[in-house]
Structure formats: C-alpha cells, structure tokens
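Both complexes below contain chain A, partnered by chain B and then by chain C.
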Partner chain A sequence: MKPVAFAWERPDSLAALLARLAEAPGNVKLIAGGQSLGPMLNLRLVEPDLILDITGVPELRAVRVESDTLVLGACVTHADIEDGRVRDLTRGALRRVAAAIAYRPVRNRGTVGGSLVHADPAADWVSALTALGAEVEIAGPDGCRTLPVERFVTGPLTVALGRAEILVAVRVPALPAGAAWGYVKHCAKIGEFAHAIGAVRLEPGQGRGRAVIGAVEGPPVLLADARPLFGGRIGADFADRFDPAAADAALRAAGMTDAVERHVHVTVLARAVAQAAKPVPLNLPEAA
Partner chain B sequence: MSAALAEFGTGRMALPLTVNGRSLRVEAEPRSHLGDVLREGLNLTGTHLGCEHGVCGACTVLLDGEPARACLTFAGACAGAAVTTIEGLDADEIAGELRAAFNREHALQCGYCTPGMLVAARDLVLRLPDADERRIRVALSGNLCRCTGYAGIVRAVMAVIADRRGRGILPETGAARALGPVGARIGETIVAPVRRLTSPVASVAPAAVSDLAAAFEPAHRFTQALDLAHPPEAVFTLLGDIEAVAACLPGAVLTARPAPDAVEGGLQVRIGPIAATFRGRARIERDEAARSGSVHGAGSDAGGRSATEGQIRYRVESGPTPGTARVELDVGYTLTGPLAQFGRPGLVRDLAGRIAADLVRNLDARLSGAAVPAPAGLNPLHLLLSLIRARLAAWLGRS
Partner chain C sequence: MTGEGVGARLPRKEDDRLMRGRGQYVADIRLPGMQDVAFVRSPLAHARIRAIHVPEAYRDRVFTASDLAGVLPIRAVSGLPGFKVSEQPVLATGKVRQVGELVALCVAPTRAEAEDIAASVVLDLEELPAVHDMLAAREPGSALVHEHWGDNVFLETVVDVNFESALDAPIKVSRTISTGRQCMAPIEGRGTVVQLDHRLDQLVVHTATQMPHIVRNGLSECLGIEQGRIRIVSPDVGGGFGYKAILLAEDVALAWLALRCGHPVRWLEDRREHLTANANCREHHYRITAYAERDGTLRGIDCEATVDSGAYSAYPFSACLEAAQVASILPGPYDFPAYRCRTWSVATNKCPILPYRGVARTGVCFALELVLDAVARAAGIPPEAVREKNLVRPEQMPFENITKKHFDSGDYPEALARALKAIDVEAVRARQRQGEPDGRRIGLGLSIYCEQAAHGTSVYSGWGIPMVPGHEQASARLTPDGGLELRIGAHSHGQGLETTLAQVAHEILSVPVARTRLVHGDTAMTPYSTGSWGSRVMVMAGGAVAAACEELRARAVRIGAHLLQARPEDCRFEGGHVVGPSGDIPLEAIARTWYRRPQDLAPDTDPGGLEVTAGYKPVRDSGTFSYAAHAAVVAVDPDLGAVEILDYVIVEDGGTLVNPLVVDGQIYGGLAQGIGTALFEEMRFDDRGQPLASTFADYLLPGAADVPMARIDHMETPSPYTRFGQKGIGEGGAIAPPAALANAVNDALQPLGVELLHSPITPRRIVEAVLAARPTPEPAREAA
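Moving on to the complex of A and B:
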C-alpha cells in the first residue's frame, strides 16, 4: 500500500510554516502525528502534492497554564496527557479520555490538535473538548483568532479553518472544585471509533452544566445549557433527575430518526451522568 | 530552508536513522512508511506488514524507545529517530523473558503477529503495575492475532509481569520524555521535493460497468424527504429532465445518453480532505401515473479501486400546503474498496443531507426560473444522486 508521491517539508518555526502554507501551490496537507491522515494517505483517499510536517515547530509541542486555563500545543500527544507529562487542570478528565483513545502505539504519535482538525465525529477529543468548553487557537496570515470547539468543528471531517490557517493550540478551562464530569463511549471493539459518546460537565453548585452527545452523523450534539435534561434544574441530585426522554427529544430535534440509534446514544449519555455522580477512580494505564 | 537531506530531482531523501543501535542513512521517498524502509531498504523483515492502516498492529516497532505503528510513520516524519525492531531485541532482557513465556504458553501459531505482539507486550511489562488480565487484554486489542484466541499470549504476558514485580522491579511511568509525537525531532528542516512519475490524468475513461442487475440488495439504506415550494406536477416533470437534474446536482457531470433510459457520467464528492470521482452509468425508470421513479447506477473511481452501486427511488407527493411538493427519497447503496474500508454510514448520511440541501436549492431556483449556479464539473449528470450518495457513502463509508 503506497501513498501517492508527495513532497515533504518540515518548517522549523511557526512563521516559516505559515509563510509556506500561504504560498505553496497545489494540494497541501498538514501532518502532525499522522495517525488519522496516515491511513487516508495509504489508502490514497487523500492525494496531496505537498505535506507540511508541523512537528518541528517548538511552540506547537509546548504546554502552558494561563490562570485557570491549560493551553495545549497542537502537537501534544494523547500519551503525553495520559502519562501526566502535561498538567491536568481537569482533575483527571483529560487523562481518562486520552488513555482510552485507540491503542498505545497510536497514542504515542497521535496529537490532540490533529484529532480536532481531522474532525471525525466519532473521535474522542471532538466530543470531550466540546463538553469541557475548550477553545482552539488558530493562526493565519491575518494573525490569531480563537473559536470554541463547537464552532470549530462544522461537519464530518470539516472544520472552520481557512486555506492558510492552522490550529496552534487548544485551550482547556479548569474543572472547578464541585464540578462533576462524566465521559462514556461505546465501542463494539476496544480502541475502534466510538458508536456513541456521552459527556457531561455539570456544576451543581451553580445550577448549570453542559452535555454532549457525540459519535453522531455530524458535529456532536451540544446542550450548552443541560438543564432540560434534568427536569429544568441541575442540583446535587442531578443523577436522579436525569430524564432520558429529554435527551431523546434533543436527538430527535437534531435529526436522528433511527429509534435504536437514539436509544444507544441516550443510554450512553445516562451512563456518563451516572459516572459524573459517582466518579470511578482514575486507573491508569487502563486503556488499549 | 535547508535542503541538506534532499537529493533534488530524485524525489528521494537520505534518511538518517539509528536502527537497532547502528547509525545509518537510508535512501527513501518521503512517502515510504517506516515499515517499507526497514523491510525493503534495510532487509529487516522481522517487522511484518498487515493492514497498513494502523489497525492490526503487526508492524509495531519501538520509535525512540516507545511503541509506534511503522505503517503510519512516514520516512519524512522520523528523520533522526532511533528505531528498534524485533531484530534489535535479541539481547533485551524483557524480550528474552517474553520469548521464553510465549514459548512455554504456546502464545503463537503462524507467527505473523508475533513481532508486533512482542513489542506491545514489552511495553505492557514496563508500564502495567500488576498482572491484571483485563488490562492486558484491553491493551493487546491493538494487536490482532487470528490463531491463538489470545489465551496463551495473555498468560505469557501475565507471567512475565508477575515474575518481575515479584522480583521487586517497579513499573515505569513514562514521565520523562519530550512532548510531541515519538520519533519526531524539533526544529529540523527537511525538504524532499517530489518527482512526479506520471502526470495525474484528469479524465479517466469511464470504468467498465457490468450490466446493472435488476435485483439489487444494497448494503446500506436510508430515506430522505425534500420539500419544494412548487406544485408536485412541475417537480415531477423537472425530475424527468435528466440534464436539468444533473445540472442541479453539485459535482455531477453527464457525459453521454446512450439510450433514453440510460445515462453515463461522473460524480465528484468531497468530504473534508477526501475527494473522489466516480464514473459509471445509470438506468432511469419513471412511472408517470404514480409520480415516482428510480435511478439505478454503478460506477468506480479512477483506477477502479473503489466501486459503488446505488439505487434511488423517488416519489413526488403533495406538500404540507397547497402548491408545494414533497419528494420522498429511498436511497440504497453498496460500496467496496478503500472508501468502504475507511468510511462509516453515518458520515454518508450527513453528506447526503448536505448534497440534498444543495440539490433542493438548485431545483427550487430552476423551478422559479432563476439561473442555476454553474456546476463545477462539465455537464448535467442526472440522478447520479445514487452515485453521489454512494460516493458520499464511500467517503463516509464503513470500515
């Protein structure tokens, strides 16, 4: 299995990368860890003229904390998060998601930025970072801009990136004390793309929360105000108040017509709610 | 930008690697994956290639000491990296213990998965705190074995972990290493220009299409309704004009009309970075009395690697208010080849939905007498809707 012949360049700075991206003719693809793009290249579903390898750019492989926000460079890998090489302001939420992505050899090269830009609806970060309220930093010829993840992922394999723009970092807000987090995915085989994802980030003390139903046909279904799922109020008893019919109605409204599919997604979301109410101990390495 | 590693004009690069402790330079194209570089360039055939898209785990090697998929690590991505293959683990203490345990527990039969399995197992021996069977099974799910049922493999890995922990050897946390993909160096600049062996052919002759069998059982099926603010009669008449419908269908091109009920053409579909063009033909049927019809098509992409067959049945009914129409679509398709290997039906439905939205907008414009935006391709191709859906399916297709 051989990809189409392409040129390969590896800029050593963000400025050089952006300049090359803006000027390069033909079909140009960026590559980080290559764990999503690689299969598409090998299968010749994608046939670029030039590949720009972004892993040589130092700032894309760095992490910083700005007040209560963790800023992950685009080339930080799932294994970096799983192993605790980056600070986790989400009290284990990021680590747990990272540790269950695909398989360890994939996590050693696959990156958080690459996963988001690939925007497979069934990928973990697309749903998890939407639920966590994360944002992406985008750099381009006209400077930098920031977008919430839910506005960045616009469709299957489709994101709001201009031709000469790149995702440089992901901004993950801290999970405050008292906040509850649940993330559950359903896979028929361990490590494969999920068939259903449920994620909740709830703040019972403040009476607010977000819920995400992912691995649907398009971008994840986000309830930025999750109160309707809990009879209109999010309190300490949220697990008892979870209303599957409200989740089912949200999926209907999002266009999911298949009753079995809705049932699977609602069930997985209910499990995420239950997990948020009764977190299981972080048990790493737990994943495939 | 430096071109130190490139040999201009050849499309190849002199790839510096440390392989099993030996520093060397191996000539490779940037598109070659590490598995091919090792096997073809260095004759290290212990690294096995199975699926070559990251699923089977047979090609797992150590990259800077950590397990990685050789098939998903391109030569251009690992310049300067340290690679350890199964051949380089002869003197490794853990690998030696695993080999003895695999032997004792009958942890292999044909041996094809074994090199990757040993590399993955060695990583577990290093990292897992104890010999937890479930965790080992979960972790080994990234390495497919079709002989053993994993029973012996899991016993072997459990035995080695239990033995080492019993000897007081603690697990490693992997805390100390640079951030970013293993094997990828910071700051190095590589330029490997491409050598085009052949110029890509824009137009490929239509793929041979076998006669469309009357009985078609699609692998996937979905329904969709299009609402148009025009009378059902006008909509049904327009749907009978295949050139007009094709003109309204984004990416569709009509190239020939060999018979009144047959069309030939192509359909281009784009999902994210994937673009595919299917060429083939379709047969059209219409039932004036029932205001229904069908389009049954088949085609393949350039090179014939992915193929699709699809059928769209439509029925034009009265809409919710007088003077409006609702078109009920019943779409069935089968997709084979790389696209099918990659995609998922849900993605196809989403794509179909977006194409349908464009189609409705264009049909509406046409019925209103407005100009339809010029299609990107050639001419109107008609109800290659089916083909479109199929392509969509392909992109989105199922693995």
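Moving on to the complex of A and C:
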C-alpha cells in the first residue's frame, strides 16, 4: 500500500496557489489535513502527478468575524474549533460537532474545508454546516464567488468546484439568541463515520427552521423550511409537535427505499429535535 | 522467599522494551542490499488463468508459477478418513481459487516500486462462478473449487451416541445459528525477510511466526531442501492469535526468491492484503436441536454443523480442524446422555479458514449457549437454572464426557454461582422490570465454556495433520556468573513468556527473574517444538523448564556438596543455596566453580555440567480443562440497535496461575476480541466471492470505548496432571463473550419478540429484527 510517485509543492500565498493550480498539467490534488486523501493515495484510488500542500497559505488559516458571520479559513482544523482556538458565533454548536468528529488524531490534522471538499455524505461538516445555513467562499481564475453549502455539495464525493478553483473559507451565520440547535449522529462505534445524522436549526420565535437528514447515499436531505416536520408550524412547543411520519415521507421522497434505514434516520432526527428542545452540556460527544 | 516464583503477580519484563517502542519486529530488520516484494494477486475469486502479461522491461523482476520449477504446493493433509486433499500452489497455476491468491511476485528496491511493477502486470482471466455460500456449496450442481473432487466437501464427519434415546423428550427446541466470517487482526501483520547466508549455506528466514520449527518443516518440504539449510528466526511478534501459526505461500515464495536472487528480500503484509487475502476465520453454521425435560435437564443435542473452510487446507492445521473439532467439543461443560453431530468442512472461493484464538470453541459456545437460553424460555425457567441442571459437577471429576473428553478438574457450578452473585441477578432483574428512562432495554446474558488446552500426542495423532506434539523440551543453562538462560522452541507473540517461564525457573532455582533470560524464536538456538498454539506453552514449556531446572538443581547440589565437603544426600537446595550440615554455598559460586575453577570439582563430577535439556509431558496428555462463567449486562437501544455493555463479570478457573497479572491480561485481551466477534467484526462477501472490506473503515474492530472494565474472579483448581497444576488459559477470554452478549441482547429484546442468532449482532441486525417483529412493521402510506 504505497502511493504512486508524485511531485509535491507547498505554495506560500493564495495567488501562488491559484496560479500553480491553473497552469500545472496532469492530475493535481490539493492536500490539507490529508485524513481522506492519505488513505486514498496509499490505496492508489488516487494517482496524482502533483500534490499541492495548501497548509502554507496564510489566507486559508485566517478566521474573522464579519458582523453576524463567522468566516473560517479552509485550513482551520477540527481541533482548532473543538479547543476554542477560533471564534464561535454558534453558541457552541460548532465546537460540539467538531469534538465528535472521528478520533482526536484525525481532528488534529483534518480541516473543515478539506472535509467539505471531500464531501463524504457521512462526514459531520457536510450535514452540520448545511443545517447551520453556512456558505462557502470559492476562489479561482475568474475571481471569487460564494455558494450555500447545499449547492456546493452536489453528490457523494462531488462538489461544485470548477477547474482550478479552490474552497477558501466557510461562512457560518451566527446562531441568534432564542434559536435552538440539535445535532445527533449514529455510529456503529465511536469515531466511525456516521450511519445516520440528524440536525436542526430552529427559530421558534420567528416560526422558522432548517432540518437536515445526513449520512444518506447522496448529499444531505435538507428541509430548508422544516415546518412540515412539525405539523406546519414551528413554535416553542416544537419538540411535542415533531412528526416522524413527515420525516419518513421526506426520506421516501428523497428515494430512500430501505425501511430500516429510514427508521434509523428518522429516530436520529427525532433525537436531534429533542436535543434542540433540551440541550445537553457541551462536554458530551454527540455519538448516539 | 523473594516472591518471584509460581503465583507471583509480577509485571512483565518484556514490557519495558515493548511499551517504549524498542521491540524488534520483522519490519524493523534492515539488511544490506535488501529488496522489497509486492505480489500480483487475483482480483477474482474463481477464474481460469489464460495468460499473464509481464512488460518486457520487468521480465527479470517478475516471477510466476512457471519460474518456480521444483517448488511443491503447500499440502496440509488430515489423516481423518475421507479427507480430500487440496494443493495450494505457491503461485497460482491454471486457476485462481480466491481473491488475493498469489499470481506473481515482483521485486524492486522499494515496496512502492514493486507495487508499480505489480500494477503493470496484466492478468487475462476467465471468470468462473464463485462458490461463496457454504450451504449451497454442499448441494449437487454447485460450481467446484477443486474439480477433481466431484464435490466441495473437504471432510464430512458424524458422531452418534445414543441419539435416538432423546427423541421422546417433552421439550424440543431447534435453532439455526451462525457466526460471521472474521479476520484476525493482530496489530502486526505477517512479514518475512529472507537472507541467504553463504558462509553457513543457509536460508535465514526472519518471519513473524508462533511456530518457527513447524515453518522450517513446511519450507523444507515445499522447497525440497534439507532442514539444516534453513534457519527460522522469529523476532518480537506483535500479536498472533493463530494467524501466525500458519505457513503462508508468501513465506515459501520469499524463500525461493532469496535462493534465486542471492540478495535479501522482504515482504511486509499490508492491511489490505491481510484483510482481503489472508486472515479469515470463524465462519460456522449450525442447525441445532436441544431435547430436554420440563425442568431443563438436557436429554440430548442434535446438530448439523458446517464450516466454510475456504479454498485451501492451511498448513499445518488443515481445513477440517474446525468442523471436526465442533463434533467433539460441542457438548461443552454439560453432561447429557444423547448426542448426534454431523459436520461438513466445505471448500469455497474464499481465503482458507485459519485457527483463531478459541478456534472452534467460540462458535460452538455461541451455538450451544444460545440454544440453552432457548430451552430456558421454552421451559419457563431462568437461564441460570438450565445451566445449573446440566453442568458437570465437581464430584464427577475427573470426568469423561459424551465425546470422551477427559475433564481433569474443576467446579463448574461454583464458577456459575460466583458469576451470578457478582453480577447480582436480582438487582439486574429489578432494574429490568423498572424500565430505563431513556427507553433502552436491559438484558442479562450468561455463557460458560471449557477450554481443552495443551492436548498432546494422543489427541493430535488422531487428527493426522502434519504436526503432532510430543514431548516438549527446554534447555536451562547456568552462566559462569550465576545467571540463567532458558531455551524453548515455542515462541511468545505477546503472552509474557520471558517473565512467566523465568518465574517457573525461579520456583526451582531461586535465580532472580531479572537474571533469567529466555532464548526463543530461533530454530538454531532452541529445541524442537510445535510452537505456541492451543494454549499449551505454560503447561508444556512450563513443565519442560521445570524439568530442566530440577535436573540442574540436582547437579548443583552434587557439586555444592563436594565443595561443602558433605554427602549430597545430606544437602538440600534452599533459597538459591546448597545447604549442607555445616555451611552453605550459593548457586553463583557453584557456577563459577564449574566454569572457571574446574580444578575444585570432584574427580568424578558429572560431565554434563550446568546445562540441561529436559523433555516433558503431563501425566495425561488429553489436555487441561480451564473454564469460565461469563455474565454480561447490556442496555440495548431498540430503535438504533446500539448495545452498551453495562457490566461484565468473568469467573475463571485456570488451575494454578503462574502469574495472575498475566492471566488477567490474557482474559482482558480475549474479551476485547470476543466483543469484536459478538458486535462488530464481519468480513462479508458478495456473490462473486469479493470480500467487501479492505480497510478498518469497513471491517470494524472494537475500540477502547467499546471494551468495558470486566470484573475478574479467579478460582484455582489445580490440574492433577501438570507440573504445578497449571492449565492453559490463553484463548478462553475470546470464547464466551459472543454467547454471553448475544444472550444478553436477546434477554433485553425478548419482550419485543426478538431473538438474534447470527454474530456479529450489529445495530443494523437489531433494528431489522425489532422492526420485523412489530405487528404492523410499516404502514403502507404511499403508492408502490
């Protein structure tokens, strides 16, 4: 299990990275934490000519707050978030998710941007950032653009990056006071990829909310308007109003034919709703 | 007394280097000029080889079967009547019979380059229907793994003892029970470095093995060269569990390559090779019926057991060890009067099945203990009551069971009673009645087994496999400065033998454990042994070390008596000194005299000196029977299928414990593997015989959070047949947990009408069963 021979470079600025990406011939891969790419290289599922290590680009490690939005550079690690080394406008939601990703050695190296670009349907950030209503900043030869995460992740291991484009940062909106957040995943054992993820970001005061059912075959199932899950209305009593049959119907509509799978996903979503109504202390990992 | 002898709870000497990362494994060996090997392996489970295309540029770096003229296939023949012989070619000839089978070997300065070469070799294969289901493989019309056999059955056996007498029993419970195929997962995989020593005209084979001398037998037979030209060195071994008690085709290929190339060559198994091509074990299928009285007293057991033996008979244990053992050990620790068991060892297009810690016992225990719980439910009595009724009783010892297994000693009901007390059955039942606030369900599971260990000539000569253990030998040598060197032919793959055998020697010679060194893992320096398997080393090598040390002690007393100017019969050995009527002399002084001042010895001194090789067999070689009662409490989430182990109790009787700390370690490690069998580990195959996991992302092992801190209680009923009363205990920890945990899950889910009979019990299987048992599983709300 050894990779094919490849060239390796580590650009030191975003401009240099973009230039190299635009001009380099052959199969080029970016590496940040390497937690998915490393095994894929060793298994020769990926046989690149050139690997560009993007961890030397300062812009990709930057974190800033723009009014009500937290902007996380793509190379911010899960551990940076878990340990509170970066700002958080989500009242702990991000830290909660980060702290339960895989194992600590993975979190030390794995990055939020790498996870999104890899777009494994079972990965935490794919579902959690979709539920939080986050966006991604993309840079490329034609300049910068922004996409909501749900339009960025287009399929299993597939994202809306054009040629020579890279994901630069993730924009996470603040979780306002009064908003409720629930995130639950089900793994066969701690540290494994999830078999089911449920996430809700509800604003009972405004009567609105988003819900995500993740770790499905394709991109997460997003209910950008989650009211149908609650009998058409999201209020303070949302936990009592949660309707499993509506979630089940959403999964059927998304093409999930396996009744056992649906049962597990609906259960996990129900528990995320219960958690949103009655948050558990931060020090608990989220594994269900 | 220094407190370092038999029974001392000493930390392990070897852990200082192992825990600091200073162990030396095969992969740590660096030799000048060494090149790496990568194999071209079959991507298909069953296919005819039409052609192998090797690029012109690599003709001198790639070798196929046609290059291996004179190399014989691996043959592990059993002498049991009707056994059909498979020939496992070192490199595939004509057909490939499993995914991962070796087709060509590629050699290059680095492994990455060797993999590049391997990737350039093109196989032209004609795919054949894969035999992937052992039950279907038994049927007429199945595709054939070995055409000339006419069917796919390595061996069929039948045992029938008064079976018909059970048929009128009032309770009859039948179940179909099966265990998933697993992969043993030692931290260190297989690995081999072979070097041609021109000075000694010897192949020096460094390989991670539990049985260096047996590997030498096998290599000599396959390569057709005399044993004197082969030396096997097994350095530190990072876990074996049976996987390293096998001669692999890779070992033979590397030895051939070193002879051919002249420079050292190395193959280090990677995890993908390990999972997809080599380390299979455990897949059993049972149709089992228990006959019982209404009070739970067993009248008889009837069973049809099938084992998926894979494509080839593995050396030296053969393809029938598991299934044929099933027939003889299925009755477990229970005494009942009627028994029938038919077994089939079936060839399929999968990796050969290999003996894994517990070997057939884990499957047998799973089948029998699950069916006993079913009997309890049918009889309307608690599960412990069925076991209390049927366990062999202490007053029956020594006890010969229905398959002529000879139980040496023990008090099985006491082990059960202690386990029930420790787990606090009443409290568990009360909690169960009360219900959990989070909706989970509590269950209690029991499992009892016995582990025949260190069984010798009389047992293995009957199997007729290439390896029959006889007397075990050990050498003991006092060094001129009074230290002690022990030599054994078995090998440690993590058991702590460097400590425990030093304790055995200390018991007799009082040499400090710190000054006793164990030399093992090298055919050039150790007596012949079949090696470390069958939980045999502490009984066999322990007995042999004791015998060698006793002879050494007798010689020391004779020398010491002369130096004390006393008659030997007036002297005794005590605390490391020869004590005479008017003085004493330490062992160091005796050693110094023998080696450095022979002028002080008596003229008629024993010329054998202070180095002894002694042989040992227990008084009976039918094996020691250690045993344990396991009790588990679980909480099951019926909606997600998650199982949490809330409590786990093990009451173990390993006879006299040479080192209770080491025994605890064995039990904890075995328990972790048993939890893997119970809840996580499964190598699945598709209907083309493709293994469906190639990394640990898909083949799940239990993690630290999944293994509870079990509570262990030791009973110590000595074996009457072994040197110190010790019994083999190396495998037991892995035998009982699958049954205990399955019974606990079934106990938890019984009110939902759920009974799970296949291991591993994964979350998916639990949810499936729970949903299937619901009266209206899924309201049909949508158009089809």
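Assume the second predicted complex is superposed on the first by the 283 of 288 C-alpha atoms of A that agree within 3 Å, B and C clash if a C-alpha of one lies under 4 Å from a C-alpha of the other, contacts with A are read in each partner's own complex, and residues count from 1 in each chain.
One rule holds in what follows: a contact is a pair of C-beta atoms (placed from the backbone, for glycine too) under 8 Å apart; a residue touches a chain by one contact, two chains touch by 3 or more.
A quick note: this is a predicted structure, and the numbers were derived from the prediction, not measured.
Novice: State whether chain B and chain C clash or fit side by side on chain A once the two structures are superposed.
Specialist: With chain A as the common anchor, chain B and chain C collide in the superposed model.
Novice: Where does A:218 make contact in the superposed view: on chain B (first), on chain C (second), on both, or on neither?
Specialist: So A:218 only meets chain B here.
Novice: With both complexes superposed on chain A, which partner does A:39 reach: first (chain B), second (chain C), both or neither?
Specialist: Touch partners of A:39: chain B and chain C.
Novice: What's your read, chain B or chain C touching more residues of chain A?
Specialist: B
Novice: Output check: A:16 vs chain B and chain C. Expected answer is one of first, second, both, neither. What do you get?
Specialist: The first partner, chain B, only.
Novice: Scan A:186 for contacts with chain B and chain C and give back first, second, both or neither.
Specialist: second
Novice: Could you tell me if A:2 is touching chain B, chain C, both of them or neither one (first, second, both, neither)?
Specialist: Both partners, chain B and chain C.
Novice: Could you say whether A:55 touches chain B, chain C, both of them, or neither, answering first, second, both or neither?
Specialist: After superposing on A, A:55 lies in contact with chain B but is clear of chain C.
Novice: Would you check which partner chain A:109 touches, where first means chain B only, second means chain C only, and both and neither mean what they say?
Specialist: Touch status of A:109: first partner only.
Novice: Could you tell me which of 1-9, 217-225 or 379-387 in chain B overlaps chain C after superposing the two complexes on chain A?
Specialist: Given the superposition on chain A, chain B and chain C clash at 217-225.
Novice: Following superposition on chain A, which residues of chain A contact chain B and also contact chain C?
Specialist: Dual-contact residues (chain A): 1-5, 39, 43-44, 189-191, 193, 288.
Novice: What residues of chain A sit close enough to touch chain B in their complex?
Specialist: Going through chain A, the ones touching chain B are 1-12, 16, 29, 31-35, 37-47, 49-51, 53, 55-58, 60-63, 73, 75-77, 79-80, 83-86, 102-106, 108-111, 118-119, 121-122, 155-158, 189-191, 193, 216-218, 255, 285-288.
Novice: Can you tell me which positions in chain C touch chain A when the two form their complex?
Specialist: 110-112, 115-116, 119, 270-272, 637, 639-642, 680, 694-695, 697, 700, 702-703, 705-706, 762-764, 767-768, 771, 777-778, 781-782
Novice: Which part of chain B faces chain A closely enough to touch in the complex?
Specialist: Touch residues, chain B against chain A: 1, 11, 13, 29-33, 36, 52-54, 57, 60, 63, 66-69, 71-77, 79, 120, 123, 127-128, 135, 138-139, 141-143, 173-175, 177-197, 200, 271-274, 276, 305, 338-339, 341-342, 344, 346-347, 349-351, 353-354, 395-396.
Novice: Can you check the complex and tell me which residues of chain A touch chain C?
Specialist: Contact set of chain A toward chain C: 1-5, 39, 43-44, 186, 188-193, 195-196, 245, 249, 252, 259-260, 263-264, 267-268, 288.
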